[in-house]
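For reference, chains read A, B, C and D in written order, and residue numbers begin at 1 within each chain.
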Amino acid sequence: MTKGLKIATIGGGSSYTPELMEGFIKRYEELPIKEIWLVDVEAGREKQEIVGAMAQRMWDASPYDVKVYTTLNREEALKDADFVTTQFRVGQLNARIKDERIPFSYGLLGQETNGAGGMFKAFRTIPVILDVVEDMKRLCPNAWLINFANPSGMVTEAVLRYGKWDRVIGLCNVPVMAKMTEAIMLDSPAEDLIYKFAGINHFHWHKVADKEGNDVTPQIIDKLYLEDNGLPKNIHGVPFYREQLDQMNMIPCGYHQYYYRAEEMLAHGLEDYATVGTRAEQVKALEHELFELYKDPALNYKPKQLEERGGAYYSDAACETIASIYANKNTEIVVSTRNDGAVPDLPADCAVEVTAYLGSQGARNVAFGPLPTAERGWLQVMKAMELLTIEAAVTGNYALALQAFTINPLIPSGATAKRVMDELFIAHKAYLPQFAEIIAKLEAEGISIKDEKVQELM
Amino acid sequence: MTKGLKIATIGGGSSYTPELMEGFIKRYEELPIKEIWLVDVEAGREKQEIVGAMAQRMWDASPYDVKVYTTLNREEALKDADFVTTQFRVGQLNARIKDERIPFSYGLLGQETNGAGGMFKAFRTIPVILDVVEDMKRLCPNAWLINFANPSGMVTEAVLRYGKWDRVIGLCNVPVMAKMTEAIMLDSPAEDLIYKFAGINHFHWHKVADKEGNDVTPQIIDKLYLEDNGLPKNIHGVPFYREQLDQMNMIPCGYHQYYYRAEEMLAHGLEDYATVGTRAEQVKALEHELFELYKDPALNYKPKQLEERGGAYYSDAACETIASIYANKNTEIVVSTRNDGAVPDLPADCAVEVTAYLGSQGARNVAFGPLPTAERGWLQVMKAMELLTIEAAVTGNYALALQAFTINPLIPSGATAKRVMDELFIAHKAYLPQFAEIIAKLEAEGISIKDEKVQELM
Amino acid sequence: MTKGLKIATIGGGSSYTPELMEGFIKRYEELPIKEIWLVDVEAGREKQEIVGAMAQRMWDASPYDVKVYTTLNREEALKDADFVTTQFRVGQLNARIKDERIPFSYGLLGQETNGAGGMFKAFRTIPVILDVVEDMKRLCPNAWLINFANPSGMVTEAVLRYGKWDRVIGLCNVPVMAKMTEAIMLDSPAEDLIYKFAGINHFHWHKVADKEGNDVTPQIIDKLYLEDNGLPKNIHGVPFYREQLDQMNMIPCGYHQYYYRAEEMLAHGLEDYATVGTRAEQVKALEHELFELYKDPALNYKPKQLEERGGAYYSDAACETIASIYANKNTEIVVSTRNDGAVPDLPADCAVEVTAYLGSQGARNVAFGPLPTAERGWLQVMKAMELLTIEAAVTGNYALALQAFTINPLIPSGATAKRVMDELFIAHKAYLPQFAEIIAKLEAEGISIKDEKVQELM
Amino acid sequence: MTKGLKIATIGGGSSYTPELMEGFIKRYEELPIKEIWLVDVEAGREKQEIVGAMAQRMWDASPYDVKVYTTLNREEALKDADFVTTQFRVGQLNARIKDERIPFSYGLLGQETNGAGGMFKAFRTIPVILDVVEDMKRLCPNAWLINFANPSGMVTEAVLRYGKWDRVIGLCNVPVMAKMTEAIMLDSPAEDLIYKFAGINHFHWHKVADKEGNDVTPQIIDKLYLEDNGLPKNIHGVPFYREQLDQMNMIPCGYHQYYYRAEEMLAHGLEDYATVGTRAEQVKALEHELFELYKDPALNYKPKQLEERGGAYYSDAACETIASIYANKNTEIVVSTRNDGAVPDLPADCAVEVTAYLGSQGARNVAFGPLPTAERGWLQVMKAMELLTIEAAVTGNYALALQAFTINPLIPSGATAKRVMDELFIAHKAYLPQFAEIIAKLEAEGISIKDEKVQELM
């Protein structure tokens, strides 16, 4: 890795690409990139061209000589790459709209990475990532795969378990956001706080200490319940029940609200569904605006509006991960990685999301120790759900998919859940070749999509 | 144990007592009982006197000289007992009515041993059983505790973990019923079928082979889905999804319908709630009739109507367990017992419900081996829920109760669940001294019971 | 299995064959055998002919019409067999002599199934048993493999792990002998004692209770240390240290003397080595006598002298196992089988030796629960040693063999151990094709055999 | 901890104290110490006075105003301490001489921290450290205990398990030395190498990568076997068998030579025993010289000769640990600490020795993941041996001690081992009050010490 580095970014047409560029530019001195290859599928070609041009403008405005390539040929992009980042979305935002609207149309939660939607995102994404891994084995066998395609944890698990590829790091911005927020709450420099995270992607807890070693988790819990905690209002104003946080003395992650307050989060989602539209629909509008901005040949920096897109700091985490691996920086980052015992309540060979020190050998996980009873049980059933979802994604086995649906804590089992699952299969037919046979059977049974907006997208 | 045996039955006023007598009479030759002591609390005095007199008539009609005593003094009953059976219901059927109606009044499942109701039954029952165990340590330290007070699995776990009492067997009639039913389905003598059960009480699966060693689980699954399978219609006509049963190649237990088909089971329960009343209300009527029958001084045998009561064969299982321990018969029975590795997906020291051979040393569990992924995850979260419930029952910790509610797969988390929990605390105030402080606080907050029938019972 | 059964016995020329016949004759009414096929290799042809003729005489003297075939063609023997028993010894007794004499010639323990000798026996035997399993997959896929080729535990582990064959039971007479001996000690009918065994082959412990359920393990320990305990003198007069037995409150197995009293057992073995010769040499003489007897055309029953051979009741255990599987008798036998959690200190998927109920589905292991600290640790390192030995046997990897030697508690690590290993490789060259390359290298290095009697056998 | 810090050093009279002072002086800017309290027992008073005066001279020669106190009153020393370091040796070097000579006098290994000697050192040390912990609970409940009293791993385990004290770090210089040595071998700056250690104290393995992330473990193995590897000759010229190191692709620790080459290490020890005397005897002479030097009122720096003492860098590791905890430096150090899953082959709640990041919350262990089969098994039996030794140390149970002796891989079981154990009990009578009863019994049996030099020390 002494020469200038080659980065390949799969899903190059993503609106996040400028943030990724910003991260790379900021770290150029420690991460001497030479070429960045954006690669996307035909459906993303136009967006990739827009964002590719903008990316090149960003580098041109920097002191550094880096060339941004755009291509639809994945092999060309991967050939001899040093790092491969994945930020693709199989089926684009329309697929996400289906993941959200179909469950909501039956009164179930529709969400990108949790519940039924997250499972179908896994069904679509995992076969593609495993293809990418096979390509990497041939074309860039020493490269690292830095994944932020969602559901990031299941994708990492699939890469480790079925791809048999160890050089993978899964990223998420949730821990980044938690750390930033809590530093504000405690009025402390972020770097003075000591963190330990444990769990799986979008389902983890953490503990915090100050630089004197005092556990300040209770103070953060206090602040969470203050009217005026110096923060923007808590998401949807649904804090966790304080008794539970006090009892576990850990901070759950934001997505945990779907689990600890399922009723309210569902009600909120249904309200949006009935009025402003689901998150994907909102994001779609935002993305459209973003790409209009990106077209501006004068724009050579990341526009402010990108932050509204959600997922902020995602790309920064990715750039820091890459820099830390490349330059053996040993930065502490929360990542999805092989457990190796860090969360002893889960098997040592599965993927977890934990605090880790990242260096040229990858992640060195910080051992968290056993979780309290409630969190242990919940984590174990969630990991089982993930493993079933992944196995279904790989094998195209309908029964495994149904088993995963059934044990998912966010999906009440029964006919409605099965109907939602069947409609999702049909809605995503184009991206689920492994389930072709079952989908044909469902179509033959005359199962049709209820949600009208989804019908329009078919 | 060479002399005639003394049996103490706690909850002697139960309508099941005649079935117990029948079981003892049938086995007298191998189980030479001399005295049976029925003991109950003041609220059960009248019923106990009725059923005690009837029990004595049953023995008098037999060739055996056995004396049935009734008492309200537990110490007197336990003193030097050889076997202690527990079939008490703290708070009688009215408590069960509350466990069922309060959740239903908010659209949640109200059930005796599952969901919110089962947890409150545990809150009421566990302190009492632990008191019984303390008495046994003093008064009959070599006796066996044969429990069929529900929730039978949690009670067994509490006796092992907090009571530190190993000589306990938890019983349930669900496996007995499954075996009888499946023998009919397969048109096979029951004793020719080979069974392996694994799980926890009311949450277990089993596999079946014929006497040639062939796995006949698939044939049973086939029969389950036949219109004419030689059986009374499946409970509420809600069979499991066939894909799941084929995939796991195990038979779930009847209570699993609440988990695999939560939606339909809830809908059915709500319908009953709105019309004929919940199960406890129906049972209360049945019990009233039964006790009217029991009063008949001519009745000296178990009346047919008892079978409608539910829980048939419960007592028979108990009698066979006692006989098998006493005479070292090594009968194969499915029991709640210390795991010892039989279900390797759960800790070796927790209670499980498995196939076991019962002899004078107690249960010798048959090792089942690892469960499939879905069942493993689900079982692990259920055991976590049980452990939290028991710890809450022992400590009176509200937050642990809330944690248990939150991870219970049958309870959607959020404000409704919390409200249901709070109302249940208030409704059961008389039987939850360990939670006195929290209940006082809830009352001070003005939380009142919504369901009118429950209000009448207060 | 409704027709008359076909039994195939690999290693048919073994001197144990008459005992096997006796066992089958005794059980004919429940185990209706039609054909017994003895199969052996060319080197065993003569012995097989002698013992085959004698076996036929035994059946002819019985009321049953069973035909005994002898063949050198394994395929012919296995074709459509219902049960396959394995009692072969790769390299015959001369191989065992080498296993014993070479370690002793360097002052290390030489023993058939423990230490260096047991490991080389595994290296020779495992490839053959895996070949047998491959044949069975083609020729008799529904048959059961009843193994008593030593080292029986490692052979069972290899069949499960590398052969991927579940229908296997490993047998040993050590538990049988322990039960018989202890019944005499306690002056109790054997069937009145309740046993629980846990461990691995030749490395297990057990607990005993009487029919009233009282733990009588302490009484057995007492008797073990009595001068006059009604038994023949303890093997070599080396009882275990009483403090240890009292502390663990379990009875170790006979082979455990090599581990708990390594010094004395080694000294005893060295004395024999220097005087009367090792056990294999003694057995060889015994076997010669036995075969002389077997030649007598008038002999049609198992001769008394066979009992001196050692391994008595081995074949009876095998016959009972077969009968119990065939007739679903549910007999309680101690067998080597897949753990499934019965010994929770070892992985659920490895082979263990435990109390089990044998029926047409195979072994239903009795869960033993966790072992005490010392026994847990020792069992774990022994299982690791077994797994390494088996992997070396399968792969021909010298380093794995050295690792296994190094962690074996009976082998002090260092140059002498390595020399012993190297000489054993050379001595067994003809039966270790998987190690051909390493053996050629050792020969090229000029390593030669020190023991003169072994030299003569080369 | 904002004020000047108070350090209490138990075993203040140790010859290591000057090294400790040097480490503190070097780090004063980040570790603002105000008072250092040396505390020792009466037998160490003179040495403590000598070394205390010298320590004060070292500070006086520094720019810092730190006062060194000497006392025999432990309470005074501990009162309000911020850090407590423990470097005491119960029974002084004479006890170590006994630990070494008694086993050697019977042909067994006599070593300070391994085999019989290490176990008796644990028997003497653990009750004292648990007393210290009890004092700390009263006198300095927020202090950290930094232990380098040997056997450091067992001491840490005892503090965690029986002392119920979490604020403990166990230290050892073996990993420090390995890192320094390997940096020289690879001609690489030490800070460019990436390490992962796993195991328990004096029984761990590690892997090394370079700053590009390449595994350089194989290169280190290569260098270990080079004649000219830039290092002083390997200890006693007994390298590990190369096949094993290549196979495991890990570097064992120096003490592992006792296990992988038991024969040669024993022979070497016996030779020293017969000629120059054991290590303790050599160290005793060295210490005498050191204290003569320390008496020199002009000496105000650590003398060179201290390095020959062995244990170099021990104190530096301790000072860095303290500084890293105090200033939340997050230094990577290999420490004994609660596992928390870092070594998933051992229980999460036991002590392990692993790579950790040390900060104000203590150790954040780096998860190592599962070990290979051989190392897993060996580590499990060693941990069992430790747990038994500790339990025996706490309870004074002779049978547990015998169990620990029996499973210790360095002690061949049998009469000699038991005799060695019995003599050690008698020899250390003054420091083993918990075993008083058993020792009296042994004395009554007339067991006497064979080794003459030990007799002289009695």
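Rule of thumb we're sticking to: a contact is a pair of C-beta atoms (placed from the backbone, for glycine too) under 8 Å apart; a residue touches a chain by one contact, two chains touch by 3 or more.
All of these numbers come straight from a predicted model, not from anything done at the bench.
With centres computed as the average of Cα coordinates, no chain lies farther from subunit A than C. Shared numbers divided by all numbers used gives the overlap of an interface; between subunit C and subunit D this overlap exceeds half, so the copies present the same residues. Separating the CA-averaged centres of subunit B and subunit D is a span of 55 Å. Here the CA centre of subunit A is 46 Å from the CA centre of subunit D. Residue positions of subunit B touching 2 or more other chains: there are none. Taken together, the touching pairs link the chains into one ring where each has two partners.
You'll find the chains touch as A-B, A-D, B-C, C-D. Looking at the complex, you find that subunit A touches subunit B at residues 241, 243-244, 246-248, 259-266, 373-374, 376-378, 380-385, 387-388, 391, 397-400, 402-404, 406-407, 409, 412-418.
Those residues of subunit A lying in contact with subunit D across their complex are 1, 192, 194, 196, 209-213, 325, 328, 338-344, 348-349, 355, 357, 359-362, 364-370.
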